[in-house]
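Take a look at these structures.
The two complexes that follow have chain A in common; it is paired with chain B in the first and with chain C in the second.
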Partner chain A sequence: MNDYVDKRIERFETLLKEIWTASEKYLGTFSVKLLVERAVWDLSAEYREIELLQCDEGGISCAEIAASVKKNPNLPVDEMFTKFITKYVEILARLVGREKTDKIVKKLNEEFGGISFNL
Partner chain B sequence: MDKLKTGIKNFDNILSGGIPVYSLNIISGSPGSGKTILVQNIIFNSARDGLKSLYLTTISESQFKMVRHLQEFEFFSDDFLGDKFIYGDLGAVLRKQGTEKVLAYLTEMIKKHQPNILVIDSFKAIRDIFPDEKTFKAFVFDLAAALSVWEVTVFLIGEYEEKELTQLSEFAIADGIFHLYGQGEKRFQKRYLRILKMRGTHFEQGEHLFQISSAGIEVYPRIKPEGKGLQYEVRSGRKGFGITELDEMLSGGLKEGTITLISGGTGTGKTALALKFLLDGAEKGEKGLVLSFEEPVVQLIDNVRSLGWELDKYLADGRLDIRFISPIELDVDKHAFEIMDMVGENRVDRLVIDSISSFESSVIDLQKYKDYLWALGQQLKRRHVTTIFTVLNEDLFSPVVVTKAQISLMTDNIIILRYVEDDSNVKKVLGILKARGTNHNKDFREYEITPNGINILGKLDRANMLR
Partner chain C sequence: MPANLLLSVSLKYWQDFQDTLAKVMDANIYILDINGGAFSQFSRDVELCRKMNNGGKICNEKCLRFYKDTLGSLEDKGTFTCPYGIRLYAYRLGTYAQKIGFLLVTSGRIRTRVDSEEENVFVTKADSIYQTINEVLKAILEKNLLGLRRLELNSIYEISRLLISTVELEKVMDLITNSLIIIYRAELGFVGLREGDKIRVAQAKGDHGNLLIGKEWPMLQPLIEKVFSKVEPTFLSADELMTLPGLADLKVNSGNKIMVYPLWTSLGGVGLLGIVFYPEAMDDNDNRNLQIYANFAAIALANAKLVSRLEKEAETDFLTGFFNKRAMRNMLVNELERTIRYDIPLAVVFLDIDNFKSYNDTFGHVAGDVVLQKMAEIIKNSIRTVDIAGRYGGEEFVIILPGTKEEGAVAVAERIRKSIERYHLPHRKITASIGIALAKKSDSVDSLLERADQSLYQAKRQGKNCYCLETS
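Take a look at the complex of A and B:
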């Protein structure tokens, strides 16, 4: 069970890194970091654990979330990450426009066929 | 792109609908130029649309004084304070915790109140606290990025001088720059605003007059003489005076949508002739408007009645409207805009401005006066309004000097009214100097103004009439 959750978190981490890279092209590292912080703050009222998402100029890491899940195996990981990514792309769409964000959403839907990231 | 509607009269028009949301805007100007009132007017109007504003002051006036001053304005409402209008003191943070805590404080305040609009008044005061330009520049860039992710529309107010607008780092990051300033004219202390930059939307460039009244800010957009104004459809219809001989001299009347100058000395009947033009239109069901800068409405109506013309029924049914604007209160920038407003709202077909000499005497800058008349003329042509400007020729016996400012160059038709001496008598003659696109009669015809109207008499054969 833990291995499965670890792999899911790992996969979300890969996805978040891709989003980070894609967004960085338009916004620069500093702004992407601020945007992640904004999305974390928006979601933290619902999932406190999202605050454990780490990001700095070097990129994004889910290591602390993975450690937390081991203590709290009931955390709905898929739901939390899906909501986080949806929130992130929603804010991004409002800030940079739907056209540019659509490319990211398209990539997300290709990578995560089972989850729909529609704006 | 979504826009924040300012709700300020005419301001949203010059911004193509409003200020782009999430933009960072600098409102600059010297003390007393109206910066704070402009922004407060916007945020109280926005509050009525359900938007919340966070207003952070630095070293400017206290909330107590601010609220006291705001109460003078109709846009103010106590109900919004503490709910849609959140006041915060950024100055205390700067003084106690230093500049490095400003970003964190702003972010915390935004998280706490989740405003749609953020105002920092005065931002220039923050600049003055920073030790050097380099550090401030870094702060400005971080601030712009930090505010943008919170989806707030930002107004940074500052007492900047015009020369600073191209030099200081905060202007590089701004999406919008609004500069407010004053300028003295003969009778008025005038306020102007210019939009120097506005990313993400089309805006009307140039200086726009604004005034501060108890209603708040009212903007009077500059009337443009260039661009689209030059393109208009020329119509072939003609509009007469209802004076057979004169209409014949004009091959049927003035061409529709043209500008005509009636120039003449005092007492030659410029106003009477122009009013006859409107009355003829009213009889045909067209709408006419007289803007009188010289004679009050009652006096004008009495004069018309003395010529045997019936105008009451047209005034009653709205086919004719007479407005008096005191030349003492005449403000060219404001009234040029209001004239177009009246013409548009009332769907005016025929317009008389009596006289443009009053315009001329209200401005210091003659070039500006010509620009405004040129722009006004173009706007009227675009709307196919057939217009008469009357102008006083101070040289009673000279027909050639039409106006001091050579306004004749921008008109399509010129009718002159002048006095001539004839056997120890003073007679009045009328001539058409110019009628664009018309094979007009070149004679000088004697005319008389009687209790039965204006009669055009025969050709007056006097040599040297144009000297």
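Take a look at the complex of A and C:
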């Protein structure tokens, strides 16, 4: 069970890194970081663990979330990350336009077909 | 999502907390947001309410109307009887400055008749529930507010860091508009730069932001005049915004608020910062904090303007408005590089006014300056827009002719020479001698200019008022 959740988090981390890279191209590192912090802040009332998402100029890491899940295996990981990505993309669309966002989402859907998020 | 931006609460956790409190206090609790819409569900089953509202939230038309009317006029707290006879205790949640919503408390057991002692006991209980819930919500609000201010501070720090470098104007504008969308959830944010007698939108982010970029509004346009008639921001309606030229395709929700900050600096009005947002998305504090972004935008624009003016002055000859020697040499470096890389021709023309010293000595320096200005005008009218002309010093001019071979350079030189010869100056006729050099792959700026100069002196030796092409 733990292995399965670890793999899910790993997959979400890869997805978030892809989103980070794709948005950085349009927004620059600082604005992407601000956007991640905003989405974390929005979601933190519902999922405290999202505050463990680490992001700096170097990128994004879910290592601390993975460690926390070991102590709290009931954390709805898929639901939390899906809501996070939805919030992120919602604001991203306003910043870079729906067309560019759709391109990013399309590319991610192709590469991460196994992860379903409602965008 | 509650209507109040700052009250970000997990409804799942909140409902658990509310239900536990209701159970402990043996009361029914229900919360509405600031607009009178449902926030949480009934904590305990009240058969009558459940029947009328088909579930845990108020949806019965009669009830909705009652709550809207009652709560709309509620000061701090009050006791009411609902249309179906339920006695309820209503409280306004939040502070005077930051209104959150409304709390409704009813007895867990609905009775048609209660004595005054029972009533007093329940009022005390309802007051306690209110104190608890209000304190918790205020704490959540404070926490949320701190989170928002942290985001604000981060972005303000980054913008101030970028301001150190004035070449980062684009980045500053980008960051300001991004921050308006990310932090304040603005629908649209835009920065307009003042260019002479008009404002040009240089950056816009948000819904339909691309429709705004590049739009130009005259400073004399009534709305722009109104914005710049004061220091504080101007609040506009969607219809007012639409009176600006070129916004016919822009769709702004009529319920949105629009705020336009004039960007004032010691240089005067340098631009404006516009924000379109949902009324609930910002409070008075946010409006004040936005002034910080407006101030930063103003400083960035003023710095950029000053630098651009200094740069222009540093490369312009004051008398003729032509490029000066330093600027000409810099441009020749670039043109020579292009010539060598892409194997395209390049010609340089050196022009010197004949007997200018005696003209100056005879008729005075003011008359000499007029000659120089006239020569510049003639040169400017004799070359293409892609050609580059400059005053090299004294009575010498240099013209760079990109993509021009021998025949073209000769034609330009002759055109200029003849125009000068034909021109009637007030005191006496003026002529010019011209030297032409064609760039070679082995050329440096110095070697190319040196050859053009040699050709010019060749022309002087040949009797002046003629051109001479370098002999390779």
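We take it that the second predicted complex is superposed on the first by the 112 of 119 C-alpha atoms of A that agree within 3 Å, B and C clash if a C-alpha of one lies under 4 Å from a C-alpha of the other, contacts with A are read in each partner's own complex, and residues count from 1 in each chain.
Going forward, a residue touches a chain if its C-beta (ideal position, glycine included) is under 8 Å from a C-beta of that chain, and two chains touch if they have at least 3 such contacts.
The shown structure was predicted, so the numbers you read here are calculated from the model rather than taken from an experiment.
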May I ask you to decide whether A:Val5 touches chain B, chain C, both, or neither, giving the answer as first, second, both or neither? neither
Partner chain in contact with A:Leu52 - chain B first, chain C second, else both or neither: neither
Specify the partner with more touching residues on chain A, choosing between chain B and chain C. C
Can you give me the overlap between the chain B contact set and the chain C contact set on chain A? 28, 30-31, 34-35, 37-38, 41, 91, 94-95
Residue positions on chain A within touch of chain B in the complex are 28, 30-31, 34-35, 37-38, 41, 91, 94-95
List the residues on chain A that touch chain C in their complex, please. 27-28, 30-31, 34-35, 37-38, 41-42, 44-46, 91, 94-95, 97
In the complex, the residues of chain B that touch chain A are 22, 111, 142, 145-146, 148-151
Which residues of chain C touch chain A once you look at their complex with the stated criterion? 8-10, 12-13, 140, 144, 147-148, 151, 154-155, 158, 171, 174-175, 178-179, 181-183, 185, 187, 205-207, 209-210
